[in-house]
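Next come two complexes, and both contain chain A; in the first it sits with chain B, in the second with chain C.
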Partner chain A sequence: MMRRTKTNVTRRQLLAGAAAGAAIGTLGFPAVLRAQVPSVKVGILHPVTGAISYSGTQSRAGALIAIEEINAAGGIKALGGAKIEPLLADAQSRPDVGAAEIEKLNEAGAVAVIGPYASAIAIATTAAAAKHNLPHLVDVGVADQVVTRGLTNTFRFAPGLAKTVETAINNLVKLNEAAGKPVKTVMIIHEESAFGSGMASTLNAELPKHGFEIVETIKHANPTRDFSNIVLRVQARKPDLIIPSNYYNEYVLFARALRQQRVQTKGIYSILGGGASSYKFVKEFPDAAAYVMDCNHWFDPRKAQALALKDKVEKQGLFFTYEVFLNYCNVYLLADALERAASTKREDIIAALASSTWDKHIMPYGPTKFVNGQNEGAQPVNTQVLDNDIKVIFPLEFASANAVFPVPERKG
Partner chain B sequence: MLELTILLPALINGLTLGAVYALVALGLTLIYGVLHIINFAHGSLLMAALYGVFFLNTGLGIDPYAAIVVMVPALFAAGYVLQRSVIGKASHGKDQNVLLVTLGIAIVIENLALALFSADTRTIDTPYAFEMVDLGIAFVPLPRVIAFIAALAVTAVLWFIIARTDLGRAIRAVAKERQGARLVGIDVDHIFAMSFGIGTACLGAAACLLLPTFYVSPGVGHVFVLIAFTVVVLGGMGSFVGALVGGFIIGVTESLGGLLLGESLGQIGIFLIFIAILLLRPTGLFGSRLS
Partner chain C sequence: MTARTAFAVIAFAAALIAPFVVHSDFWMGFLITTLLYAYMGMAWNVLGGYAGQVSFGHAIFFGTGAYTSTILHISFGLNPWLGMVAAAVAAGLVGALIGYLSFRYGLRGSYFALITLAFAEVFRILANSFEFTGGGVGLYVPLKIGWWNLQFPSKTGFYYLALALTCLSLAIGAWLENSRFGASLMAIRENESAAEALGVNAFACKLKAIILSGAMMGVGGTFYAQHYLYIDPTIAYGPGVSVEVLLVPIIGGLGTMLGPLLGSAVLHGAGELARRLMGDVPGLDLVFYGVLLIVMVRFLPEGVIGLLRRRHKPGAAHA
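So, the complex of A and B:
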């Protein structure tokens, strides 16, 4: 009988049933849908293709890990548990593309943008975002112009170039004095773009004031295929200290050439060095990386949350680079602002960021304090490659190891 | 700064650097010089070969020099198939089409590498990476010495193939008179593909000799391709000895130029020589003998 009833369902009855089902679908379920909190759209803008795509990819990974964590922990509670929805954008390693992506993100309803790694791109994207009063958190972009143009929508959590160079020089002076002033002569090897050249001219102006003699400054192109000649000149000049300022590929070739030619100095002291604070460099060339010092963005090794994140990132098969943890922090900084603003209006988020005193980050900074968009609490730290690991050696309150300086003479 | 203790080692550095340039340029001179195919994909194929060496080393533990026996046939096959099934068919015998097709191949290979391997820069570590050879006046890294000797050997092998074998005669015949070669029974399409294959196989050898001292990333081809074109024009299109000598001249010019004018400005010397050769001897140093 049952079977018969079933088989007797006519096409008309089936259609009627389907229509009823559809009616329930449109009338009954919208109540549930209406109860859902709309997500908070955040632009995650990085150069994931083009010349600096490695850094862009690392940056995006850091931001996505933080978003996943925040969403898993219940989203933005002040907004009824709204989830953060990342709007992924690619600046293609070009400032003009970065600025165009800002327009798209604005139209897509982003409440804020995080990115875009490089200074040149950041200068373009922050200006484009300012036109729409779109809050823009700059993750790295160390050039000082990023925050000195009076853009009220721009916030940089990490330190800028001037602060980093100043800290690097101060720490070098302290290190040298503590070791009995073994370093008197310095040689600077830098890449030729704004980053390396700007650094070199600042060092040439500042280091002599602290009693260091700069015996030679060598500029090199990107890419440089061979560092043999530069190393020959280093050997001829015999400086006590080498200060390299270049991107990762050239940094690695230079450090390898120094080691190949058995160059003995009292130290290699990088500032925002491409390879000196890279677990990748340490893992792949432990011999060339040994004892190299750097003044760079780095996490606070005493914080359990930082070490847990490092573990998590490494389990994903990624290296724990500063791009990862700075973007991770920026997402949490924005989440904190959203919680306090309890609003997705851009002016409210900007006001919340401007008054931010967030301290639950993994960096060796104090609570955030933004002055003209720059986090005044941010500072770089000095690291050194010791025992095939990267240790913080300065400032002492964050140090995880004592500096080995001057470095011991190496045989073979 | 011009003490002999710096000048002589710089000269030797230039020669070893030039050998690396020559290795990359040897394949190009065959493809570009003999067959007049402007192969924009040369750099991308070098990059693909470098990834091959990298994965053979990290995945299977094969030494980069031992990888030559795998990489040379593999790249030869890749080059042969590429010419026969893509470049030859898509170009319809027109040079401007070849230009666009090879450019397209370059873009596809590079973006595939970006998608598959990410933009990460990769290097290998070998037990001899930091070994040095004491030449009395300078210490030269062992991998550089090996690359230098290999460049000479590869040049000799290529010269032998082109000058002394039937295949070489067929390649020269096709290069000089395509229609005539076809009339005497030479399979022109096959010879084109063989030439492209041999040219690409050179990149397999170059990649094995380069990786112990260099890195690989999806954009690494650009580092060498412009220099390789310069070497080919300087040495004379189609001349293997020219490519070798051209490589040495460019290497030494870059090295000494860097020493005298600074590392950034030093590269000007390469292009000054290039312009001078184009003005004074447009066929290149050894061009007239083989063309």
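So, the complex of A and C:
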């Protein structure tokens, strides 16, 4: 007969002990490690798949560069050097998926979310985040409705559509007056979604007030691969100025078709132009890109930090697009709020963002000043493609070149 | 009480208490989406599964419902609950129009599928062009949280609404399987000429089916608009919704009562599983999801319900 003493261990007890040990091993020790190296989880939510995946991928890259820099510099010092841990999420270019990802990020312990590039997705994600009082920094999402619904958790660092269009029109008027008013007629070519249609409707309402006659507005589908008919319409209408409002691919194809059919105008003036402020466009199609003007999100070319970031991004084989530097800035803006809040409580972070006066960014903005979630210090700038580079031409205090307007007649 | 009834009662009771057990908003969101697509899958199933009239453009009803309630709410201040009724009526009328034009002129099979696709595309272009639909900008539903505005403060409200819609769709499925009208639809599906020879008015039956299917989808459109607070022509009339509501009954089991519910659960479950397994590599989860769908369609031609039926056949275990 087997004698069992108190020190003997049965097979069942051994298994239970092993299971408990395994549980401690997998759950307990990382908890200890986490305690040693604290981290702050931040949701990085972008459409990295689907129709607008290029912009989403660029956005994610910008955010990750900033996180890497902050962590390398010692993390969030007010939180004991806590590292920022990015929680990557994919909105799949769909508002409903974006909203579902917010729930996932909330449950994974994100203290804030940065993203999600597109306005339509931002409408859904900001509302979903508001239910958890989760701070949401909107990186691009220019639709004014993103910040006009009274959501106290929502902050947009970059300018919205109304401000951008207003600035663009004012700068166009100044540019035209300074050149002796060569532009009297305008033609608008825009894509069919919220971005292009909204822009076209605002321009149709505002430009006539400044003495511009809109000879025609043409809408095209996404995607459109053949612009020859639209360019024939442009040739027939002979506008002084063309205002395109479309995403990157369509922008480039339209500009190339204009060049191929040798359309002569006094200028191409874009507002948030998909290709107009893109180094990719300038590098790949320098002839079509020459002299194109844009009013868009752009970095301050006088700041060394901006130029250093541009170098770093290009060394990674990426183009330095506005998605990259806006997300980069949003991560730093959040880091500044975390430093001042010295807390990972959501209400503390929201309070710190709302009272933010951060000025160490690479944009041509003043210190941040959030009014109802919109950074009133934000402004777009005018750029022009000159000498195979993108130069800032307005406002003059940030300008790196003088505008060439009207553009010289081009032969060949 | 039969085993089947007991199972249904237990499943319903589990669904009722789910919000008290599931404390994760993410999983509540998952359940809401699953139930909504189960409901809309049944809407498609009424026409495509039971009547055999496969539609590639059911987004036309979804979009019409979403736009109807949203426009009535924004422009005329109509309460979204009443807007949901108006959405059902409007989408049903669109169904009557498409059905009359298609069935009156004898369009069947792939011709009918293509005409529904074409109608959806026409509506997408129209929604893009008119000012009252917001054009390409779309429409933003004003944020006014409150159950009377069909904007629930927590996910529980949307969950119970989605559950109610799903139960309604199951009741419709049960009615179709046990009614003369349902039998007529199935007869049309199997052999329309033979059904007509037996006295079934195929035109009237198909017309009723498309009206019912359209009205159900219209309610789904209002649900979506009130949940995500934004619609544009691509969301409303684009191919995404058309494909998803078609996949749900195909995966679950065409022309069956439980098919759409099973299909939606499997489809969304597989999507979520893919996301969790594939990590942060962009698009890899969609590749996995696609492969999974191909495998399921290849090896389960009768859907999940077909698999369950095979397993419960006497002697199946020894086969």
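Heads up, the rule we're going with is that the second predicted complex is superposed on the first by the 376 of 412 C-alpha atoms of A that agree within 3 Å, B and C clash if a C-alpha of one lies under 4 Å from a C-alpha of the other, contacts with A are read in each partner's own complex, and residues count from 1 in each chain.
Here is the rule we go by: a contact is a pair of C-beta atoms (placed from the backbone, for glycine too) under 8 Å apart; a residue touches a chain by one contact, two chains touch by 3 or more.
Note that the coordinates shown come from a computational prediction; the quantities given were computed from them, not determined experimentally.
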item: Three-chain arrangement built on chain A, chain B and chain C clash or fit; value: fit
item: Contacts of A:Ile349 with chain B and chain C, given as first, second, both or neither; value: neither
item: First (chain B), second (chain C), both or neither touched by A:Ala99; value: second
item: Which of chain B and chain C A:Ile268 touches, first, second, both or neither; value: neither
item: Partner chain(s) touched by A:Leu258 [first = chain B, second = chain C, both, neither]; value: neither
item: Touching partner for A:Leu45 - first (chain B), second (chain C), both, neither; value: neither
item: Which of chain B and chain C A:Cys295 touches, first, second, both or neither; value: neither
item: Which superposed partner A:Ala124 touches (first chain B, second chain C, both, neither); value: second
item: First, second, both or neither for A:Ala168, with chain B first and chain C second; value: neither
item: Partner chain in contact with A:Ser53 - chain B first, chain C second, else both or neither; value: both
item: Shortest span in Å between Cα atoms of chain B and of chain C, once chain A is used as the common reference; value: 5
item: Contact residues of chain A, present in both the chain B and the chain C interface; value: 49, 53, 56-57, 192, 219
item: List of chain A residues in touch with chain B within their complex; value: 49, 51-54, 56-57, 192, 218-221, 223-226, 228-230, 232-233, 236, 248-249, 252-253, 256, 259-262, 284-285, 287
item: In the complex, chain B residues that touch chain A; value: 1, 3, 5-6, 9-10, 13, 17, 20, 114, 118-121, 123, 125, 129-130, 132, 139, 141, 213-215, 217, 219, 223-224, 254-255, 258-259, 262-264, 267
item: Complex contact set, residues of chain C against chain A; value: 24-26, 28-30, 33, 128-129, 135-138, 140, 142-143, 153-154, 224, 227-230, 232-235, 240, 275, 280, 282-283, 285-286
item: In the complex, chain A residues that touch chain C; value: 48-49, 53, 56-57, 88, 90, 92, 94-96, 99-100, 103-104, 106-107, 120, 123-124, 127, 131-132, 145, 149-151, 191-198, 201, 219
